[in-house]
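Read from first to last, the chains carry the letters A, B, C and D; within each, the first residue is number 1.
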Amino acid sequence: MSDHSQSHPTPKLYAVIFLSLVVGTCLTWGIAFANLGIFNPVVALAIACIKATLVILYFMHVRYSDRLTMVTVGAGFFWLLILITLSLSDYLSRSLITVH
Amino acid sequence: MAINQTTTNQTTTTDHHPALAHHFDSMEQQQGASTFGMWVFLLTEIMMFGGLFTAYLVYRIKYYDAFVAGSTSISVSWGFTNTLVLIASSFTMAMSVWAAQQGRRKTQVRLLIATMILGVIFLGVKAKEYYDKFDECHIPGHVIGKGFNSWGGCDVNNPKLGNIAEEIQEKAKQAGATVPEVSAVQTAKQTEIFFSFYFAMTGLHAFHMIIGVGLLAWLTVRANRGEFGPAYYTPIELGGLYWHFVDIVWIYLFPLLYLISRHKHVA
Amino acid sequence: MSTATTIAKPVMPAKHYLNDNYGIRSWLLTKDHKRIAILYLVSITFFFFLGGLFAALIRLELLTPQGDLFQSDTYNKLFSMHGINMVFFFLVPSIPATIGNFVLPLMVGAKDLAFPKINLLSWYIYMAGAFFSLATMVSGGVDTGWTFYTPLSSGYLRTHVALMAVGIIMAGFSSIFTGLNFIVTVHRMRAPGLTWGRLPLFVWSNYATSLIMVLATPVLAITLTLLALERVFHIGVFDPKYGGDPVLFQHMFWFYSHPAVYIMILPGMGVISELITCFSRKRVFGYSFVAFSSIAIAVFGFLVWAHHMFVAGISQYSAMIFSLLSMAVAIPSAVKVFNWTATMYKGSITLMTPMLYALGFIGLFTIGGLTGIMLAALGLDVHVHDTYFVIAHFHYVMVGGMVTAYMGGLHFWWPKITGRMYPEAPAKLAALITFIGFNLTFFPQFILGYLGMPRRYHSYPEEFQVLNVLSSAGASVLAIGFILPLIYFLWSLRYGEIAGDNPWGATGLEWQTTSPPPTHNFHEVPVVTEEPYAYGEETVISGH
Amino acid sequence: MQFKLPLFPEQASTVAGQVDAFYLFLVLVTTFFSLLIALLILFFIIRYRRRPGQEAEQIHGSTLLEIVWTVIPLGISMVIFVWGAVLYYHIENPPKNALEIYGVGKQWMWKFQHPGGQREINTLHVPSGRPVKVTLISQDVIHDFFVPAFRVKTDVLPNRYVYSWFTPTAPGSYHLFCSQYCGTKHSAMIGEVVVLKPDDYAAWLASGKAEGSLSSMGENLFQGVGRVTCHRADSGARGPNLLGLYGRPVRLSDNRVVIADDNYIRESILNPNAKIVAGFQPIMPTFQGVVSEEGLIQITEYLKHLSAQESEPLNNRSTPTELRDNEVPTIQQELQQRNQPAPTPGKQP
């Protein structure tokens, strides 16, 4: 619990975030046309994660919220990760098996 | 939490704000509960989209070439534009929450309307993209799309209409390689599953956008009535959280659907 | 009626939530969590008996090996509808939406749940889902099994699968909203002094349940949406004919449905914690261990889903990981059982009806849990997977565990809900009948399963008949055990003894208000100053 | 119907005893803990029943006890896990010298094919005393191949080969169940596995009518669809040479190395693009819908047969693989030399 109302971001900060998001989008777009091998999706997703983090922290005020909100957001992504990694653990290890 | 002192006269402390529901003790508590509730709801949304993302990943690994071909056949410039539009709408949304906190009614209403317009533009672009796909017969499903033909498009005789097999060969030629026809045709057929995901994911996202625009309209009416101010701006804050979440989903959808291995096919 | 009690005879409070206002509107538009709980109670009771009816018909068919009573299609519909109704329309909402809805706000000393409108909405969504389910049944039912495995469900059956999927998605959203409400209420609405360490264990377990509801149910929603789309439009995501992978459906389905097992059992565990302490007049043994084991179960529950798929064609490495993680989930459950048992040590035990159910729960759940470990053990699961062993196991957990706990809880809080006592003698009899009937029904199924009788068999080889007859006989006993309470609960609404505020002498905030409670729950905001289950220093809690 | 109440199904395979031993251990653990709890509860409700003047003694708990009853179940469950995993590994991975039989599941019957070409429906004859590997695939929905007496079970998937193997020990006839719900006549999708003494099995094979061995049927199919012109042995062939392909590692055009097993071959026929051998163009047409599941099995068997004949090293040939034999340690070096029971074709009983 807190009195977070006065520490909300200012329009200037919002504008900075907005501009970084635009830059991030352009970057994703530009990099997609360069050949980075397997790093293409990695870079694209990394930029997407940074953009999402910016939105969550500033536009959604998580940076100014209590721990509970942060834990909630974290839990969402953590559980998503469980779903993805454990499902893929099956798919990716299937080819490891050599049936004689 | 854990206020341990025994406060007895909780109901008579402050003057009663009209928006305070009977079962809350204070506006603070009500706002805290509502915001937290919204976050828990967004948690469920993450998992809902998460299921789709997981399935998408599995098939992306399984039919990588088809996903590349499918992804190449959708317009990256429209997707890029839409990303910018949505980011801009997130910005105006954040600003309108700020305006509500500052008690600036006019700014708030204008920003909300701006957000709504951007949202509608997004949906318009999306509709245009859907129309293009429909035109090219890149519609999955053996009922609505009647299944993909072997060329992954409407008509073998009219290769100009979104003929994926043709595109694959064309792009490969530009990159200095050759892809035989049988191979291109097979890959083209497999793009159907990519388009299933394309429509399922963007469709679910667009559905959220439509709800979001409706929500914004309602908020605009309330904001115009001057209901929100520094003391009470919870609904507009919650609407904002929802809108930003929808934005975040798109931030992931854009690279996952539009930008699979674009470089391979550019001369 | 009036037996020799030394204290003055309790009286009904003049004004309470039941007589606050009258009329159908006052119920259908109520935002009072207590009334919504009653609405839920009525609805899920209907589905419980509907599902029970299907179960009875299944057992009737299995009396003889030939499969001569119903067509095989009819039989397939019967077990599918039994499973779907029981899981999605009874077990998932059972304790949280009825007892939880009623008691949880009282336990945390709140005037209502955080979002009363959403609470009512959740009931309406549930009813809409129920409507779809009933519509499906009326138009012929579905024969997918409650697991909806593709490609059978997506491409081969000609029943209304998509319609049923929509119904289940709706029921799912209703439980999401219940869960959301509980989480926010527990975080934000606790009475002054009610720290996390002082929360009743029922609240802890419902909190853990809500976490699962919120995190797992959306995945079911999207999975069934894809299934419905697959079915209607053949989009090819799960159907191998169009390049899809049916095993992926199983992954996504069990990502919800395994944790859903804990949605179904965790609230029951919470009830048991309340009952054991109250009727042993003791603090719970190892409060924090019991509390945290609920959370541990909720979290671990998400990591084990593929133990339903050991023979389904997943990779062997993956199978081993999931088996290992499944073992981990057994530990917190074991901790709970040991703590409950230890709670009774040096207690002052009375065997009232709720306590009988609680003891039954511990025994049956222990068997159910341990056979669950058998199923998670890879080498054995290959043999017993998809046999009656699995059926027996999950009925030990779901019926022997959850339904028993539900009945125990219903008896325990019945005086709080209605203001009247149920009649003790028939209630004890019903508890006994349930226990005997249950074991007679399901224990033979363990043996049947090991002998190799596959589940969902309409006809079966003759050598399995003896055990099947035993099981069917048990089912008829069990049915009596469930119909009896229906009768005396209804009877008690009018003729039951007036209960008084705290007939059990229990701790907990819900017993400090009147029975039935007033619409706003408490006449003054309660302040908590001591630990839960403070049975030691009993100050006589008088009515006023 | 006679009144006997068996507790175990018959043991008719080598793993049956092992599974039963594991099961007994688990039953023992379950009984022990259930009885422990039940007796404790019984004791407590008698010993500590409410009596006037006797208050409950308040105990908060004991961390030591909590640790004890966390660690002990954890230890036991780890034993269970390891035991189960070892057993599972054994049950799931067939030995190399197994007799290979193919099965196709469809709504609602089982079709089996023996290497000699004998086919049967809903009955499977196998010899006792040697490992048998059944390669299974479904033509429609998911089925499940379950033989309780052997304690083996495997879901039979569409679009993918799965395996089940066992070494039958006792001659006799045993239940074969489909244990994955597969539609209307799920419970009628049953059959029997007949275990014969090796001599009887040979006699049975000889008596069966078959229009040629599996691999020869496969060869016919193979030539019928014209693939022999593509996959020739000389270096100018458009497709990789398939001689000696089966069971070998293949380097693909994206540098991955896969083993050319049944699933690879099946995929290559139906979806040739997915895994293209290095140095070749993806020009092979798909045979989806052209070749039936049984036909696919025959072709696979034919390729196996080709490989089995080919025992010399393949170093200086246009092989499908760019790997040299010395780079490949042990994988499937020795292919099953099936002791084909005397030439059978055309013999009428």
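In the analysis below, a residue touches a chain if its C-beta (ideal position, glycine included) is under 8 Å from a C-beta of that chain, and two chains touch if they have at least 3 such contacts.
It should be emphasised that the depicted structure is a prediction, and the values quoted were computed from it without experimental measurement.
Visitor: If you tally the C-beta contacts, which comes out ahead, C-D or A-B?
Guide: C-D
Visitor: So which chain ends up closest to the centre of the protein, judged by Cα positions averaged per chain?
Guide: Closest chain centre to the overall C-alpha centroid: C.
Visitor: Let me have the rounded angstrom distance from the C-alpha centre of chain B over to the C-alpha centre of chain C, please.
Guide: 36
Visitor: Averaged over CA atoms, how far is the centre of chain A from the centre of chain B? Could you give it in whole Å?
Guide: 15
Visitor: Please compute the C-alpha centroid of chain A, do the same for chain D, then give the distance between them in whole Å.
Guide: 42
Visitor: Two or more other chains in contact with one residue: find those residues in chain A.
Guide: 68, 75, 79, 83, 87, 91
Visitor: Which parts of chain C, given as residue numbers and ranges, touch two or more other chains?
Guide: Within chain C, the residues that touch at least two other chains are 187, 215, 219, 247-248, 251-252, 255, 316.
Visitor: Counting only residues that touch at least two other chains, what does the list for chain B look like?
Guide: 1, 32, 36, 40, 43, 47, 50-51, 54, 58, 62, in rising order.
Visitor: Under the touch definition given earlier, write down the residues of chain D that touch chain C in their complex.
Guide: For chain D paired with chain C, touching residues are 1, 3-9, 18-19, 22-23, 26, 29-30, 33-34, 37-38, 40-41, 44-45, 48-51, 54-62, 65-66, 69-70, 73-74, 77-78, 80-81, 83-93, 107, 140-142, 144, 146, 148-149, 151-155, 157-160, 162, 175, 177-188, 190.
Visitor: Can you list the residues on chain C that touch chain B in the complex?
Guide: Listed in rising order, the residues are 110-116, 118, 176, 180-181, 183-185, 187-190, 192-193, 195-196, 214-219, 221-223, 226, 229, 232-237, 242-245, 248, 251-252, 255, 520, 524-525, 527, 529.
Visitor: Please name which positions on chain B make contact with chain A in the complex.
Guide: 1, 28, 32, 35-36, 39-40, 42-43, 46-47, 50-51, 53-54, 57-58, 61-62, 76, 80, 83-84, 87-88, 90-91, 93-95, 98, 101, 230, 237, 240-241, 244-245, 247-248, 251-252, 254-256, 259-264, 266
Visitor: Across the complex, what residues on chain C touch chain D?
Guide: Touch list, chain C to chain D: 67, 72-73, 76, 143, 145, 147, 149, 151-152, 155-157, 240-241, 246-247, 280-283, 285-289, 310-313, 316, 319-320, 323-324, 327-328, 330-331, 334-335, 337-339, 341-342, 344-351, 359, 362-363, 366-367, 370-371, 373-374, 376-383, 385-387, 447, 450-452, 454-463, 465-467, 535-536.
Visitor: Using the touch rule from the top, collect the residues of chain C that touch chain A in their complex.
Guide: Residues 187, 215, 219, 247-248, 251-252, 255, 302-303, 305-306, 314-318, 321-322.
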